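Encoded as structure tokens, here's the structure I'll be asking about.
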Amino acid sequence: MIPVKRLEIVIDAPHAESITRLLGRHGLSGWTQMRGASGAGERGRRLADEITGVSSNHVIVTTCPPERLDELLEELRALLVRHGGMCLVSDALWLKH
Amino acid sequence: MDLGLIAGNLLTPPVLFFALGMAATLLRSDLEIPQAVTRGLSLYLLFAIGMHGGVELAAAGFAADALLPLAAGVVASALVPAIVFGLLKKRFGAADAAAIGATYGSISAVTFITACSFLDDRGTAWSGTMVAAMALMESPAILVGVLLARRAGVRASDDGGDGDGPREGHGSLLREAFLNGPVFLLLGSLVIGMLTGEKGWKAVAPFAYEPFKGVLCLFLLDMGLIAARRLRALRESGAFLIGFSLIVPLVNASLAIGVARLLDFAPGDALLFTVLCASASYIAVPAAIRLTLPQANPSLFLPMSLAMTFPFNVTLGIPLYMTAIDLLWRTA
Amino acid sequence: MDLGLIAGNLLTPPVLFFALGMAATLLRSDLEIPQAVTRGLSLYLLFAIGMHGGVELAAAGFAADALLPLAAGVVASALVPAIVFGLLKKRFGAADAAAIGATYGSISAVTFITACSFLDDRGTAWSGTMVAAMALMESPAILVGVLLARRAGVRASDDGGDGDGPREGHGSLLREAFLNGPVFLLLGSLVIGMLTGEKGWKAVAPFAYEPFKGVLCLFLLDMGLIAARRLRALRESGAFLIGFSLIVPLVNASLAIGVARLLDFAPGDALLFTVLCASASYIAVPAAIRLTLPQANPSLFLPMSLAMTFPFNVTLGIPLYMTAIDLLWRTA
Amino acid sequence: MIPVKRLEIVIDAPHAESITRLLGRHGLSGWTQMRGASGAGERGRRLADEITGVSSNHVIVTTCPPERLDELLEELRALLVRHGGMCLVSDALWLKH
Amino acid sequence: MDLGLIAGNLLTPPVLFFALGMAATLLRSDLEIPQAVTRGLSLYLLFAIGMHGGVELAAAGFAADALLPLAAGVVASALVPAIVFGLLKKRFGAADAAAIGATYGSISAVTFITACSFLDDRGTAWSGTMVAAMALMESPAILVGVLLARRAGVRASDDGGDGDGPREGHGSLLREAFLNGPVFLLLGSLVIGMLTGEKGWKAVAPFAYEPFKGVLCLFLLDMGLIAARRLRALRESGAFLIGFSLIVPLVNASLAIGVARLLDFAPGDALLFTVLCASASYIAVPAAIRLTLPQANPSLFLPMSLAMTFPFNVTLGIPLYMTAIDLLWRTA
Amino acid sequence: MIPVKRLEIVIDAPHAESITRLLGRHGLSGWTQMRGASGAGERGRRLADEITGVSSNHVIVTTCPPERLDELLEELRALLVRHGGMCLVSDALWLKH
């Protein structure tokens, strides 16, 4: 069991690729992405109901070694400032296999 | 004014299903259509209208007089964003003004399709050229809108600037304008329709043509649900924008009818040209704008086009424009 | 008893695909159909049957004798829940008794559709009135069931009582009964079919009518998968309810055939009326009950209707009822 | 990074709206909702396979300032008692942006 | 070589839509099709081709000469994995060699369907027997591949060995081979088509037959998107496997044409037989292999069949094989 | 509020049933499952785009009493070694109802 930081990122569907590219640049090669989430936040309701993905969120879950968290969050924050979205960080244990 | 024509348009299945969808949302029915179905239906419609248009283009051949409407369409689609931008920039800032401009410069494929089906019901002819015009009018408005915003100081979208991102920066602008999913499918189907001609169409028509109007009903039911859900966001954006989203189509339609008259379009094509100018995008533009102008607020431009301009055009606009065209073409 | 008729019904594509679906689940095949596709297919069926019924109603005109079957249907749909409630209340408590009552008072659109297609195969005529009856019979059972439960002391659903909730409390009861998604779409399509008549139908039929039976096959394949997955839950609910879910349709069918005979229905309409009475809802009612009677256990009423009554009616019930009707109408 | 409580609520699809309304009444205007989850719990298997949503769960993730948690949970519990479902609470950090 | 035939095949709507899909991914368009729609379309295709084949089989009757192609197909489908396994075992290990062998021994229903539509366009007849052959060739390769791997020491899949798991261990092998979702639907539809014959087909054809080619276009658009996304993974798997995935179909096709000639198949059936042997599975096998041989790396066998062999067969392979057959059958 | 271990498991769609059966064998009768997740990990990208589920992940969330965690994780690890996938463990409070 390896201690890691669990990140849970919600982002507009069209920007999801920016997030996974960002993760890649920070050497994080593991993530899970769920599509078609609806939600509400500072920019109002997002209904996940239309054709273009503009009203849909993607949820991206990833893990990060604690020591690399700060530099990742800095860039992530810049991206969320520009595009909206959300990121929660919590502690977790990764089941080594 | 031809009230019978309006009533006639209101009493066709597609328009009634649109109304049913709006009613469902407004009455708080829990009727809903899964997003995957919505997307499947829209893929079908773009595929079908693209193929159909391509085949008609191939049949007509590329006459020189086909170029005129195409050029007119592209120019209109580039001018509208500039005008709208000028009108709204002070009040809403460059990013939102540019986004709304791009929305109204571009076109609504579903409004166009509803107008085609309206013409078919009346037995008025229309030509494949207009489908090509539709396909060409999707994108210029996006380019113009974003370029205006950039010139006004709105920063380009990029995410850290490492440059390896396929969809950021200036390169992404052209990409979003022409490689945007719906635009790409529509243009691709158009080209395939032209390449495979009558023979290809015969193979595909039992899927792409015959059930088309029925599918359109289900799709418009869904659009009604979706549009009505945006009414609240629209109310929050204020009376000015609500008014704006009704006046712009009327102004654009008037200008378009004038141009169509000058260029001597046949009545059917005149209606389609008018509808293209008067309609606003809610498929191609919003997605492209989210990527190229993330500063623009999607709860302004999306509800305007989806919850006001689209319903207006589909119910009242189309028969209204037709009445005007009938009148003008008769007198001329 | 006409075994040939039963075998004939069993050997039609829709019934065989239903069996294939059940077999897939029972043999533990990993065949599965995404929920979005299931919902898309059901939207199609409700849309198509609604439009079809509306057009037939419009063609027939509102004759006074159309009112009789409608009234009979509504009365049946209100009486059944009361009877079932009386029978089950002691044993299962008011909430579950009411939920099962509502389930059996309401109708199964897919069973109805399968019966229509059975009649078409035999060349037996049936009238659009029965589609209207189906649409009207969806809701009263929900109302009656919930009201009985309330009278028996089952608390209304509310979530904190701030009153701004659109779907709780007493108001929600009527809403759920009539604005329930499937009911709303069915009624809406019926009305649109009546309003647009032959002309609307011609535009929509290549989508709503011609491929209908094929779509029904795919849908019943899916229903087979879904129904078989509920067999385990059903087994857990005990022999009493399993027996109940076979006896109720037989009893209701007998009564319905008697009423149809008294009211002198034509054989086709008699079968449809019988099927409406004998079938149990698994679309409109479960959703409405979850909202208005959350105390009721969905793993009782849902498997009963989905995994027993529905398969029974679709395979054996329909030809059985037809045999009885043929016999009675001939002798009479 | 703001410390928050992360709530993860699973609820029958038809009741999801009650949850988001409840959140709204408590001044929580941010949440993310995923549809079509299947599951198992005290009320048995939920297969997420049929037409009406009656067998589907929605998963709602939201955050709550620690000081407002108790009053929220009280009402939430009442709702879960009536309708079934589940709620997990954990600690997280919200990436301010 | 008949370049006209190749060009002709390349210019049909299905192949062009496949190319459009690949282009969309390669140009980084954001065109995408929800997975639920992809799965819905594939269910439709399996249902339709199964019913169609079953009806044709019923019409032809079970002549003794139908058994020959069936037997040839099953033998081919069992031999190919053994040969591929022998060739690749050293280099890639037993698990991957067996998985790739199973992939190439089994068949691609979509390639088969595209070949049918190619034959229809040319007016060349083909028989329902080949559909039955297709259905029978799905599974043996899976069995052979997995058994070879087991003999070579690859451990059976099990998850703790409590034995109550329905899909592990040796029992799961047969289950995966024959109860695999797509195989089950295809075989089931085939049997239902045979049971219900002309009459069932008439009811279902407006859904299963007439729109078929149009649906195929949309499905191939999607396959193009999906295949192109695997090109990167394919590049990583190295030049050897890329070459392998082009040479295997050519070798298998040559052998198949030889066998078809010896057994004196009609040209249409010869093409279909060749396509079955030359094509590789990306539906039935990958799923079965994931469950029975979890040690095999899906980023080898899936991209090979999906991103190389499938596109090759659909664009160049089919007309190439036809040219060879035309030549050989003429001279013979 | 009962302290529990929250497990978040990502697994290839065809193996999801093995996981829920495993949970059942350990007496865990509550879980939530979301389908159609895409992702990336040691075995490369999983695109969740094709027909068979072979490229799709399922996400399974469950809770486990702390005292039963170890024996569960042991078996889970064996399964992940064979089939790939991921498991994160974290602390949470279960809202009793």
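Every chain is named by a letter (A, B, C, D, E and F) in the order it is written, and numbering of its residues begins at 1.
Basically, a contact is a pair of C-beta atoms (placed from the backbone, for glycine too) under 8 Å apart; a residue touches a chain by one contact, two chains touch by 3 or more.
These numbers were taken from a predicted model, which means no experiment stands behind them.
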| item | value |
| --- | --- |
| Chain labels contacting subunit A and also subunit E | B, F |
| Most widely separated chain from subunit F, with each centre as the mean of CA atoms | B |
| Farthest chain (mean CA position) relative to subunit A | C |
| Geometric centre distance via CA averages, subunit F-subunit B, whole Å | 44 |
| Centroid distance [mean C-alpha coordinates] between subunit F and subunit C, Å | 38 |
| Chain centre separation in whole Å, for subunit F relative to subunit D (CA means) | 20 |
| Residues within subunit A bordering two or more other chains | 14, 34, 36, 90-91 |
| Residues within subunit C bordering two or more other chains | 30, 32, 34-37, 39-40, 166-167, 181-182, 211, 287 |
| Complex interface listing, subunit F residues touching subunit D | 1, 4, 6, 20, 29-35, 61, 63, 90-97 |
| Sites on subunit C touched by subunit E in the complex | 11-13, 16-17, 20, 23-24, 27-37, 40, 117, 121, 210-215, 217-218, 221 |
| Partner subunit A, residues of subunit F touching it in the complex | 8, 10, 34, 36-42, 57, 59, 73, 76-77, 80-81, 86-91 |
| Residue ranges of subunit C in contact with subunit B within the complex | 34-37, 39-40, 43-44, 47, 51, 166-167, 175, 179-182, 184-185, 188-189, 192, 195-196, 200, 203-208, 211, 287 |
| Subunit D - residues contacting subunit C, complex | 12, 14-15, 17-18, 21-22, 25, 36, 43-45, 47-56, 75, 78-79, 82-83 |
